[in-house]
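In order of appearance the chains are A, B, C and D, and numbering begins at 1 in each one.
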Amino acid sequence: MFTLKEIKKTVLISLWFVFLTFPLMVIKVDPIEKTVLWRWHNALYVAIGIFCIRCLIEFFRHRKQQKEKKKKNSSDDSQALIHRILVDPRKRNIMLGVLLSLVVIFPFVFDTYQTNIMITALMYVVLGLGLNIVVGMAGLLDLGFVAFYAVGAYSYALLNHHFGLGFWAVLPIGGGLAAFAGILLGFPVLRLRGDYLAIVTLGFGEIIRLILENWNEFSMGPSGISNIDRPYFFGINLSLEHSILYLYYIMILFLIVTIFIVNRLQNSRLGRAWIALREDEIACQAMGIDKRKTKLVAFALGAFWAGVVGVIFAAKTTFINPASFTFLESAIILSIVVLGGMGSIVGVIFGALILILLPEYLRALSEYRMLAFGAILVAMMVFRPQGLISKIRRTYTFKQE
Amino acid sequence: MTTPILKVTGLTMDFGGIRALDSVDLDVRQGEIAALIGPNGAGKTTFFNCVTGIYIPTAGEVMLTPAGSNKSKNLKGLKPNQVTQRGLARTFQNIRLFSRMTVLENVMIGRHCRTKAFILGAILRNRATRREERKILEYSYALLEKVGLANQADEFAENLSYGAQRRLEIARALATEPLLLLLDEPAAGMNPQETKELDELIKKISREGQAILLIEHDMKLVMSLSDRIFVMDYGKMIAKGNPAEIRTNPDVIKAYLGE
Amino acid sequence: MKLQLSGKLLSTAACFMIALSAPALSSAADTIKFGVAGAHSGDLASYGLPTVKAAELVVEKVNANGGINGKKVELLVEDDVCKPEVATNTATKLISDGVDVVLGHICSGATKAALPIYSNAGVLVMSPSATNPALTQSGEYPNFFRTIAPDDAQAKIDVEFALNNLGYTKIAVIHDKGDYGKGFAEFAKKFLEDSGKAEVVLYEGVTPGAVDYSAIVQKIKRSGAQAVMFGGYHPEASKIISMMRKKRLKTDFISDDGVKDNTFIKVAGKDAEGAYASGPKDTTKNPLSIQAVEEHKEKYGADPGAFFENAYSAALAMLNAIEKAGSTDLDALKKALQTEKVDTPVGSIYFDDKGDAIGVGFSVYQVQNGEFVEL
Amino acid sequence: MDYFIELFCSGITRGAIYALIALGYTMVYGIIGLINFAHGEIYMIGAFTSFIVATVLSIYGFPLLAIIVVAGVAAAVWSSAYGFTIEKIAYKPLRHAPRLSPLISAIGMSIFLQNYVLLAQTSDFLPFPELIPDFAFMEPIAHIVGSSDLVILITTTVVMIILTFVIKFTRIGKAMRATAQDRTMAMLVGINVNNVISATFIIGSALAAIGGMLIASHIGQINFYIGFIAGIKAFTAAVLGGIGSIPGAVLGSLVLGLTESFATGYVSSDYEDVFAFALLVLILIFKPSGLLGKDETQKV
C-alpha cells in the first residue's frame, strides 16, 4: 500500500520536524550555571513520532479515498444519520426520549465529579447556543462574548452580596442586564464589518474585565467575591451534593428551554432575517430589513443567554473573580460554535460537550492535556472544516388548495 | 392626468469633486414600463442607488405616490430598508441573492417588510404568527410559480442557473409588494433564449398592473418592452420619449456613436 | 410541575448519594492519597509547577522510608489553571478519587472557590501560596491552613521596615493587578497612611506581561518617591527594577514574598542589587532548606521555582500531622497541626487555630552580591 | 515638558515594539485575510531560539557581535520554518473552508505551541542575555531613551522601509499584492499562489523573530506566555492602522504605544488598556477600516 516514494517523503518530513524542533527540544541551557544539556534522545522521539503520525494520516486518507471510489454514486451520508433521525418525527421522539432518560439518570449512575463537569459542559452548550445566534446566524464575529457572561455572573454576585437577592430573583435580572450590555456594545459597532467588528468586540470584552479588575469599590477587584449563595430549593439550604444535583436539573431544564426557544427563533421571520443579514447586508436592506434593529436584537438575545449562564456560573462556583472572564474563554465559546458547525443547534451541543469534557477527561494526560487540546482543535478543523454537523437545509412543506 | 408613481426632480449626486448625477428629472407613470438607457458610466446605476437610499443624494427630490392617491412620500434621505418599506423594490446588476438560503427562503425574505412577527411571536408561535407564516409561504410560493421556479424551491440559490438567479431576484423584489419595481440590467449575461423568457416575464408582470423602471443595454429588449425611454449621458438626462422618438433622436445617436 | 418533579428526584438522589459516598470516604485504607492542586498549565503554570515538584520530592522520600504509619503515600496531581471554575471541578475530582489531604491551591481565588467542596468532605487543605487574608481570618474555612504569610502580615513587615529602618517618607505603591499583588498593595497603602509617617505618592497597578514599563517608571520618577513598594510576582518586579535602573532611577525597591525568589535575582541580574524583599526567616541557612534545594537540583537539574520551599514545608507538615494523628480525620489532623511542631525548610512551625503558620518568622532580605541576605 | 517628552519617548518605544510584531499580522491578513493568532507564538519561539543560541554561544565564549548575528539569524531561520510549517499544517488545508475555521485552527495552534514550549523547555521565567550594551554616547539622555530603545526604533524603521520597498518594487512583492487583491486572478496570470503565501509567512515570521530577540533583550526575560499578550496588542495595533497596510501597522502601533504611555503618565496605568481599546473603538467608529486602511466601499 505504501510506495517507496511515499516512505521517502515521510522520512523527509520527519527529518524536517527534527530540524524544526531541534533548538527547543534538544538543547536546554541554564544561563546562570552556564551549562548546556543536549537531549539527543528527544530528536529521536520527534522523528519516530512524526513518522508514525504521518503514516497514520496517510493510511486513513488512503482508506477514505478507496471508500469514496467504491460508492461514488451514493450520497454523502457521513452526517446524514443524525439528520435522518431529526427529520423523521417518530425516530426523533424515540431518540429524544432515550436521551432525556439518560440525562435524568446520569447523576445516579456517575459520581458528583461527573455531574459537576456535566453541569459545566451544559453551561457551555447554552453559551454556545447564545453565541450561535450572533455568529452562526447573524454572521457577526464576536470575540468578546465573555463580557456578557461576566455581566451576568457579577450581577448575581453583587446583588446577592449587597442585597441578599436570591438566585431565582437575579436570573432574569442578570439576563436582562447582559442583554442591555449587548445593545450598548451593538450601537457603536453597527457600521463595522467582519474582522473589524471582531477586534472591537475583543476590546469590549477586555474593557469589561479590566474594569472588574481595577474598580475595587464596585467589584472588589481581583480578590473577587466569595460565599455567593447556591440556589435555594424552596427556601431550604441544601448540602453540597444536593445542590450540585439541583443545579444539574436546573441546567437541564434551562437547556431544554433554550434549545426550544433558539430553534423557534431560527425558524422564524426574525431567524430568516439574521441569515439574510449574514449572507448579504446590502441585499438584505434592499429587501426592507432594518439592519440596525436586526443586529441589535441578535446581540441582545445572544448576550441574554450569556448573562443567564453567568448567574448560574456564579451560583455554581460560589466564588468569582475577573480571572474567569479572559479572552481565552471567548475563544473557547467561539470554538464551540465553529467546531459544532455554524448555525446548527445539534452541532453546538456536540461541540460544547467535546470541547469542555475533553480537557476534563484529558486530565489523565496531566501536563500534556493542553498540548493535546490545541492539537485536537487544529486537527478537527483540518479534517472537518465545516464543523461536525453542518446545518440542514430547511425545507417547507406546502400544500396547495 | 394622474400623479406619476415616481417623480424625481433635480436629482444631483457628487462624489468628491465629481458630479455623477446632474439635476436629473424622471417620472414613471402608473402601469407603464419605463427604461433608463445610456452608455457605460452615464450614471444609471448611481441613479438607482440614489433613489433606493444606498447613496444619499446631494440635492433633488424623490417622490413616490401610490396609485389613485394624492399622498406623496418623499424618499430622499431614507435608508434602503425604509425605501423598500415605502414601496420601491429593486434587483441588482451583479446578482445579490442570499446564496446559502433556499430559493423559497429568498423570496420569503422579501415578505419581511410586509409582516410583523418578532421575538415573542417567534418564541410563542401563537395563532397570529402561524397564520402569518402560512401566508408568507403561500405568497412566496405563488411568486415562484409566476417566475417558473416553483420546482426548484428547495434548492440553494447559488445552485441555480444564471437566468434563474435573475428571475429569482425579480421574484424576491416582487415579494415586497412594490409600487414600482426597479430592474438593474436584468438581461445582462443572458443568452437569447433566456432573454426571450425574461421579455415574456416582464410583460406578464406588467400586464398585472405593475409599474416597472429598468436599466438595460439590450436595445432590442428595451425597444420591445418600454412605453417610454429616458436616456442619460455624463450624468445628465439628454432625452426622453417613446421608442420611436428615441430611435431617431440625434442627441441619443451622438451619445451612443460618438461625434 | 417540572420543579416538583426534580424535587422528588432530588430526595431519591439524596439517599443514593449518602449510600454511595459513605464507603468512598473510608475505602482509602491501603494508601494515603495526597492531592496536589494548582496551576500546571496556562500563564500561571510557573507558580504551580514547583509545588508539584516539592510534593514529588517529599513523597518519594517518605515512601522510600516506608511510608507513613505503614501506608504508602500516593500523589494525585490535578490542574486548576488558577481559575475558580476549574478549581471546583478539580476539587470534586479529587474528592471523587478519595483524596485525604490536599496541597494547594496556588491562587487565592481558586482556593476560595474550591474550599467549600473540600470542607464538605472533611478534607484538610494547605496552600503554599494563597495569601488572601480572608482565607484564615474570616473563619469561614476551618479546613484551611497555609505556610505563607497572609498579605497583611507581609505588608506590615515591609511597611515597618521602610518606615523604621529606612526612614522613608515618600513611597510609591505599585502592584500587578492580580489578587496577590493588589491585596498586598492595598494593605501596604493602608498601613502607610495609618502610620502617619509617610505619604503614598503613587498608587497604581501595572499590566502584567506588558512589553515595556518605561511610562510607569517615568511616573515613579516624577512622583519623587524614595522607594517603590511592589506587590506582585518576580517577573514584573524584575522588569520594573531593570527599567528603573535603565532610566537611571536609583529609587529603592521593596517587595513581597512573591519576589523573594532566586529567579528574581537571576533575571534582573545586577539591577536586582540592593532590592529588598520580605520572606520566611533564615531559609538560606536552614539545613532543611539547603537540602530541599539540593534534592530539586539533583532530580530536575535546575533551581526550584516559586513557592517551592513553602510547598515543601506544607507537604512535610501535613504528612507529619497524619503520622502524629494516626488518621486522616480532619479534626485529628487539625489538632496535630496546632500542637505538633515540625521542622521544615521555612523553620520549625505549627499552626494557630485560624490556620496561619506560627514560627515561620518573617524578615526582610536584601539582594547583595547576587544573593538574598537576611537583614 | 520634560515629563511629556519622557512619556512621548516611552510611547514611541512601546509603539516600535508593537510594530515589529504587528507587521507580520498585517502581512498575513493582507494576503489571506486570516487573523493569525499563532503569530504571537512565532514571536515567542523566535525569542526562545535566540535565547538558546545566544546562551550556548556565550558559554563557549564567542564575542558579543558574533552572538548577536548568529542568534538573530538562527531565530529568523527557525521562526520562518515554524511559520512555514504552521501554514502548511493548519491553514493551507482550510483555504476554501468557511471563514471562521482557520481562525479556530489558529487559536488551537497558539495553544499547542505555548504548551509545546512549556513542556520542551520550562514554565519559569528565564533571564535573557543583554545583547544590546549601553552605548557611551547615549549616556547623557539614557534617563529618557535607552540604548535598546534606540536599537528597536532603528530596526523598526529600517524594517518598514525595506518591507515597503520589497512590496512595491520586487517580483515577489508584486506577486504578493496581486494575490492579496484577487487570488484566482493571480493564479490565472501564472503566479504560484502557494509559494507567495509561504513567502509571506516566512517573511512575517522572520520579522517576528527579530522582534522577539530585540524585545526579549529589552525586557530581559522570557517565558512561554510572552507571545500571547504581545500578540493581542500588536493585532490591535494592526487593526487600528488599517489591517493589510504596512505603514498602517506602524502608524497604528505608534498611536497605540503613545496612547498607553500618556494614559499611564497622565491618568493611571490601572486603565491603560481600557484607554487603548477605547481609542480603538473610537477610531473604528469614525474610520471603519482603520487609520490607513482602504475604505471598502461596496460596489452595488
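In the analysis below, contacts are C-beta pairs under 8 Å (C-beta built on N, C-alpha and C of every residue); 3 or more make two chains touch, one makes a residue touch a chain.
The UniProt protein names, listed by chain, are A = Branched-chain amino acid transport system permease protein; B = Branched-chain amino acid transport system ATP-binding protein; C = Branched-chain amino acid transport system substrate-binding protein.
Please read all numbers here as calculations on a predicted model, not as lab measurements.
Among the remaining chains, those touching subunit A as well as subunit C are D. Ranked by the number of C-beta pairs in contact, the top chain pair here is A-D. When each chain is reduced to the average of its Cα atoms, B sits farthest from subunit A.
For the pair subunit C and subunit D, the distance between mean C-alpha positions equals 35 Å. The distance from the centre of subunit A to the centre of subunit D, each centre being the mean of the chain's C-alpha atoms, comes to 29 Å.
Centre-to-centre separation of subunit B and subunit C, using mean CA positions: 71 Å. Per-chain CA centroids place subunit B at a distance of 49 Å from subunit D. Touching two or more other chains at once are residues 41-42, 177, 205, 266, 302 of subunit C. Contact of a single residue of subunit D with at least two other chains is seen at positions 115, 122, 126-127, 270, 273, 300. Residue positions of subunit A with contacts to 2 or more other chains are 31-32, 214, 282, 367, 370.
Within the complex formed with subunit A, the residues of subunit D that make contact are 29, 33, 35, 45, 48-49, 51-53, 55-56, 59, 74, 78, 81-82, 85, 89-90, 93-94, 97-98, 100-105, 107-117, 119-122, 126-127, 129, 232, 235-236, 239, 243, 270-271, 273-274, 276-278, 280-281, 284-285, 288-290, 296, 298, 300. Residues 41-43, 45-46, 49, 177, 204-212, 214-216, 218-219, 221-222, 234-235, 238-239, 242, 246-249, 263, 266-269, 271, 302, 305 of subunit C are the ones that touch subunit D when the two sit in their complex.
For subunit C in complex with subunit A, the touching residues are 2, 6-7, 9-10, 12-14, 16-17, 20-21, 24, 40-42, 77-79, 82-85, 87-89, 92-93, 95-96, 107-109, 112-113, 116-117, 120, 132, 134, 140, 177-179, 182-183, 186, 205, 266, 301-303.
Across the interface of their complex, subunit B is touched by residues 261, 264-265, 268-273, 275-276, 279-280, 282-291, 297, 301, 393-396, 398, 400 of subunit A. The touching residues of subunit A, when paired with subunit C in their complex, are 30-32, 37, 104, 107-108, 111-114, 116-117, 120, 213-214, 216, 221-224, 226-227, 233-234, 239-242, 244-246, 249-250, 253, 313, 316-321, 323-324, 360, 363, 366-367, 369-370.
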